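Below are two complexes that have subunit A in common, paired first with subunit B and then with subunit C.
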Partner chain A sequence: MTAVAAKPQAGAAMNPAAMAVGIVLLLVFLGVAYYLSPGMGLMALIGIIIGGVLIGFGVHFVPVGGAPAAMGQAPGIATGVAMLAAGAGLAGLFGGAWAAEQGLVIAVVTGGIGGGLMMAITCMMVNFVYVFGMGIPAASGKVAKDPITGDSQAEYKSQGTEGHGLPFISFVGGVIGGILGGAGGTLIYIELLDLYKATLPTVMGATAAQVLPIAVAAAGMFAIGLFLVNAVLTAYNITGTIEGPHDPKFKRWPRSVVASAVASALCGLVAILIVVPLPI
Partner chain B sequence: MEQIVFGIGITALAGALATVAGSAEDTESNIGSQGDPNSQVQLAPQMGFVHRIFNKAVAGEPPAYALWCTLGAGLAWAFLAMQINAILAIILASILAVFVQGIYATTAYLGRTASLSKFGQPVYVDILKSMTTVAMAHAFVAIFCTVTICYLINAALGHPFPLPLLGFVWGLALGAAGSATGNPYYGKERQYQNQKFGAGVPISASGNIVRYAEAGERNSLDNGYFTAKFGGPASGLCFGLIVFLELWRTILFEPIAAGWGAIIVGVLIILIFTIIDRYIEVWARKNYGPYTAPAKEAAP
Partner chain C sequence: MTVKVEVIEGGIPHTKVMLAGLVCTIVCLYLAYLNVFTNTEMFSFFGGLAAVAAIVWGSHTIKVLCSYGIGTGVPSAGMIAFGSGVIAMLLATKFGIAAPIVALILAAIIGVILGYLANEVLNMKIPVMIQSLTELAMVGALSLMGFAVLITGSFTFTGLTTGTITLFGALSLPSYQVSFIGGGLVAVAFLLGAIAVQHPFNACLGPGWKQDRMFMLSAECGFLSMIVASVMAFALINHASALIALLIAVIGWAYTYNEYIVLSKRDAAAWLDSKPIPDVEGH
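Moving on, here comes the complex of A and B:
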């Protein structure tokens, strides 16, 4: 067993005490939001937490091989976890923000599809380069057979490597990750946009039309920031590379979901506090 | 109708610009050795293989391009607010962003290479002089094209995000698409050109990158020249498809069924790419065949 194959066992255990602390923190942040702004603020924070959890969970699906993948030594996409997920999620956020006027459901689904589309094209092009540029077929290093197609993997692994390219399960994982990330990012954006559109005219003493560009820009910046927070947090949970939903590291997702919820709640609270006056 | 035709024209232009941007981005990152394969460039001297490859990977491609494109878009926004002509504003902003890229490349090369001095790796001033400017030129093309795409999306297609935010989103996506597609070709096919074609690099060969060219020692310009023939265009195709299809489905199909039209078309496009991907995967398995006999591999 190589060092790459040995990693998935490490750090997979859940820590009940840490999880409990995380959940208590989450409730405290929700309580603060309820105290400061029981209506819109609390609803926005709940939306932000759901969006953050979707991003954190979605990043686990994205097959990322990092530096070993760039040498055909490991399967996955040859870049960093956080950055690839952010690229897909922000492409989704771009589409979702465009569809914001159509309502929450349409915007979130559009954002999800935008992220999935970016990942589908990228994953296809990765296999295109591996197969037609480098003459290397896709092979997983973590499973004997592809869980979706049933294709055997071991004999397609070249000597001295952990596998290469994107087996079909990794492709599907990438698309699912992009969809969840894009939907989560868009949900955060829409929740903050609605909050800012409703509160900024009073806070700034201006008309709704005057504050709209500020609301859009601020909600967009916070959505991107929250996306990066959750993507990087999840990258630490994954520690390096992951092949997709069939990878043993995927089982670590509950830990990351709790962490994403807490981090999103804290960041979301800050995003809400810029428009909700403190009762001092 | 006129609005739709105008939208499709802008979409096509944005897609073409994105293709050029993706291609230039990958070539720039390979000349500067900024992608994941740079781990081998950094590792090589530690394994005793001193080289003349540029080395500026102090940040990944996506955040680096997010920075440069946001700078370009932000400055273009400021110039536009000063009533400067749009084309001139974008060119000036891209030039300023490229200077930041040049400073980044210079300090990154000096810092990363100097850190390898204990392994006998020299800092080559001629490499710094000749590669940095070429990397900057490619970065200018990538940043200019991306900022122009953002401007078109904002001004002509009416996206609500301000220009700097669009610069961040598409800069990050450009880096993500370019590094995902272009890195394996640079890493496996170029840095390890001495390894067997049609197989991954064995982990035991790590660090033993190719250091000699047809005449003299290989440098990063040779690498850029090589990857510009396949990895660059493939990255361009990837980013071009992303930008074009994302805009195309929105412009043409969003008015249908209160937004569901664009969603359904998006799902269909994803399914089409899934089928293409599966076809490529099966094609490779059939035509290249397994490395070892399945029965032998299955035995414990």
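Moving on, here comes the complex of A and C:
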């Protein structure tokens, strides 16, 4: 039942032809947005793409350990990429949504801080459990010295493992990832909220105050959907586990940036079409 | 993570599961449209049945996809299914009676592009990736639409965004806040579906995987979500219709739960009905 057929290796190689197709698709989606709604819709779509790219790039920083980390055999937080990214991003999104009234910059910064705070607390408690609960020190298996503190890692690493616990560089990576993810999620939400607040009253024939719940809920829902799509695509990019910004897998980020940009452009275009009259 | 962990052995082939799931879901969604012809909300429960059918189909798609070691965990498949599905579904509601078909097509387009991105740009090179992500987006869109129909009795944009509030028991006013989207019920339906679709394979995977047992668990998860959704329906449709949906959900859940326990006992290597430790007097 097991190990019947090997699948082609999902390596770190880039696929230039596919990247080119992706960029063409991105331009096509932008062109459609420009054709349908040259002003507001296009601006919103650009904001959404930037937000999506921030999420896709940010997830690479988060130390994801998966099941091996739960057994103390690999460094990182012991859960999957999608869960961790969704946790950090949604915490940031909720934080940013509270500050939506105060303008784009404050809301995005608040979202970033929300996501970063969530990841900082998670990383600290994870290390608490590792050190005091499981009795293992933090050691990276991918680098000889921690790039920030310069502490050597090999002495603390148990034989037969890829490292364990959460080294300082992974902690910092987690916080950076949370900040980028939270800011990206909030940016998507704010762009969609502004668009819906401006256009829904005419689409639905109601006053701005009446449609506010619809605008907030629809923008929030689209932001969550976009966030999950970007997070899972990034999870596919790093195929499971990553230690943080010092991991060799981190170098795969250009692929993920292209994929996130195209996916966000596609989903963002659909989200914009809901309020733009279609020329049929 | 470079080997295929399991192959499909025996059971119904995936194409048949997919077609059956697709037809059941679409038919159930359109049966719910009887609401409009008969001017009642009695047929809302068909939305819940559509969601259950889509979830059974989706769990098998996840099995096909996650049999290849994708290395990200099974829950991520449920999350991308509903993440892409909710986007397609919300736009499709603008197309009136054609909404289920439009949701299907739109989700397929989104799924194909996401599958291409994952397979080629991200270099996953998994043979079933494009087909699976396409199906998962359809499952997400259709089961969310099913829950929307169950809760509101309608799948049009107006129906999902407009509700009524009754003041002093007599005066009824239209309200956008008491609605599926405006009230945020869409977020609850989102997670009810996403968890129901990813859990069955996550719970049943391994060398002892049996197709019928996983299907029964999928149906059980679907009905369990339907119970919660039909409780929420009390807020938006009349109580008799919501009660019908709740009864159907509870009966369906009880039956499938029972059957699932029977199948689990069948597949267990050895099963001993150990009673609780007896209280012996005087020790």
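Structure notes:
Keep this in mind: the second predicted complex is superposed on the first by the 270 of 280 C-alpha atoms of A that agree within 3 Å, B and C clash if a C-alpha of one lies under 4 Å from a C-alpha of the other, contacts with A are read in each partner's own complex, and residues count from 1 in each chain.
Definition applied: a residue touches a chain if its C-beta (ideal position, glycine included) is under 8 Å from a C-beta of that chain, and two chains touch if they have at least 3 such contacts.
As the structure is a prediction and not an experimental result, all values here were calculated from the model.
Aligning the shared subunit A places subunit B and subunit C in steric conflict. After overlaying the two complexes on the shared chain, residue contacts for A:221 are found with subunit B and with subunit C alike.
Of the two partner chains, both subunit B and subunit C are touched by A:80.
Applying the stated contact rule after C-alpha superposition, one finds that A:113 touches subunit B and leaves subunit C untouched. By the document's definition of touching, both partners, subunit B and subunit C, reach A:66. Residue by residue along subunit A, subunit B and subunit C are tallied for touches, and B comes out ahead. Contact with neither subunit B nor subunit C is seen for A:26 once the two complexes are overlaid on the shared chain.
In the overlay built on the shared chain, the residue A:187 is in contact with neither subunit B nor subunit C. When the two structures are aligned on the shared chain, A:53 is found in touch with neither subunit B nor subunit C. Residue contacts after overlaying the shared chain place A:239 against subunit C, while subunit B stays out of touching range.
In the superposed model, A:213 lies in contact with both subunit B and subunit C. On subunit A, the surface touched by subunit B in one complex and the surface touched by subunit C in the other have residues 2, 4, 66, 80, 83, 86, 213, 217, 220-221, 224 in common. Interface residues of subunit A, counted against subunit C in their complex, comprise 1-11, 13-15, 17-19, 21-22, 25, 66, 80-83, 86, 204, 206, 210-211, 213-214, 217-218, 220-222, 224-229, 231-233, 235-237, 239-241, 255-256, 258-259, 262-263, 266-267, 270-271, 273-274. By the touch rule above, subunit B contacts subunit A in their complex via residues 35-37, 39-40, 60-63, 159-162, 165-166, 168-170, 172-173, 175-177, 179-189, 191-192, 197-206, 230-231, 234-235, 237-238, 241-242, 245-246, 249-250, 254, 258-260, 262-263, 266-267, 269-270, 273-274, 276-278, 280-281, 283-285, 288, 290-294, 297-298. Contact residues on subunit C toward subunit A in their complex (touch as defined above): 1-7, 9, 68-73, 75-77, 79-80, 82-88, 90-91, 94, 106, 110, 113-114, 116-118, 120-127, 161, 176-177, 179, 181-184, 186-187, 190, 207. Contacts from subunit A toward subunit B in the complex involve residues 2, 4, 66-73, 77-80, 83-84, 86-88, 90-91, 93-95, 97-100, 102-103, 106-107, 109-110, 113-114, 116-118, 120-138, 149, 151-152, 154-168, 171-172, 175, 213, 216-217, 220-221, 224.
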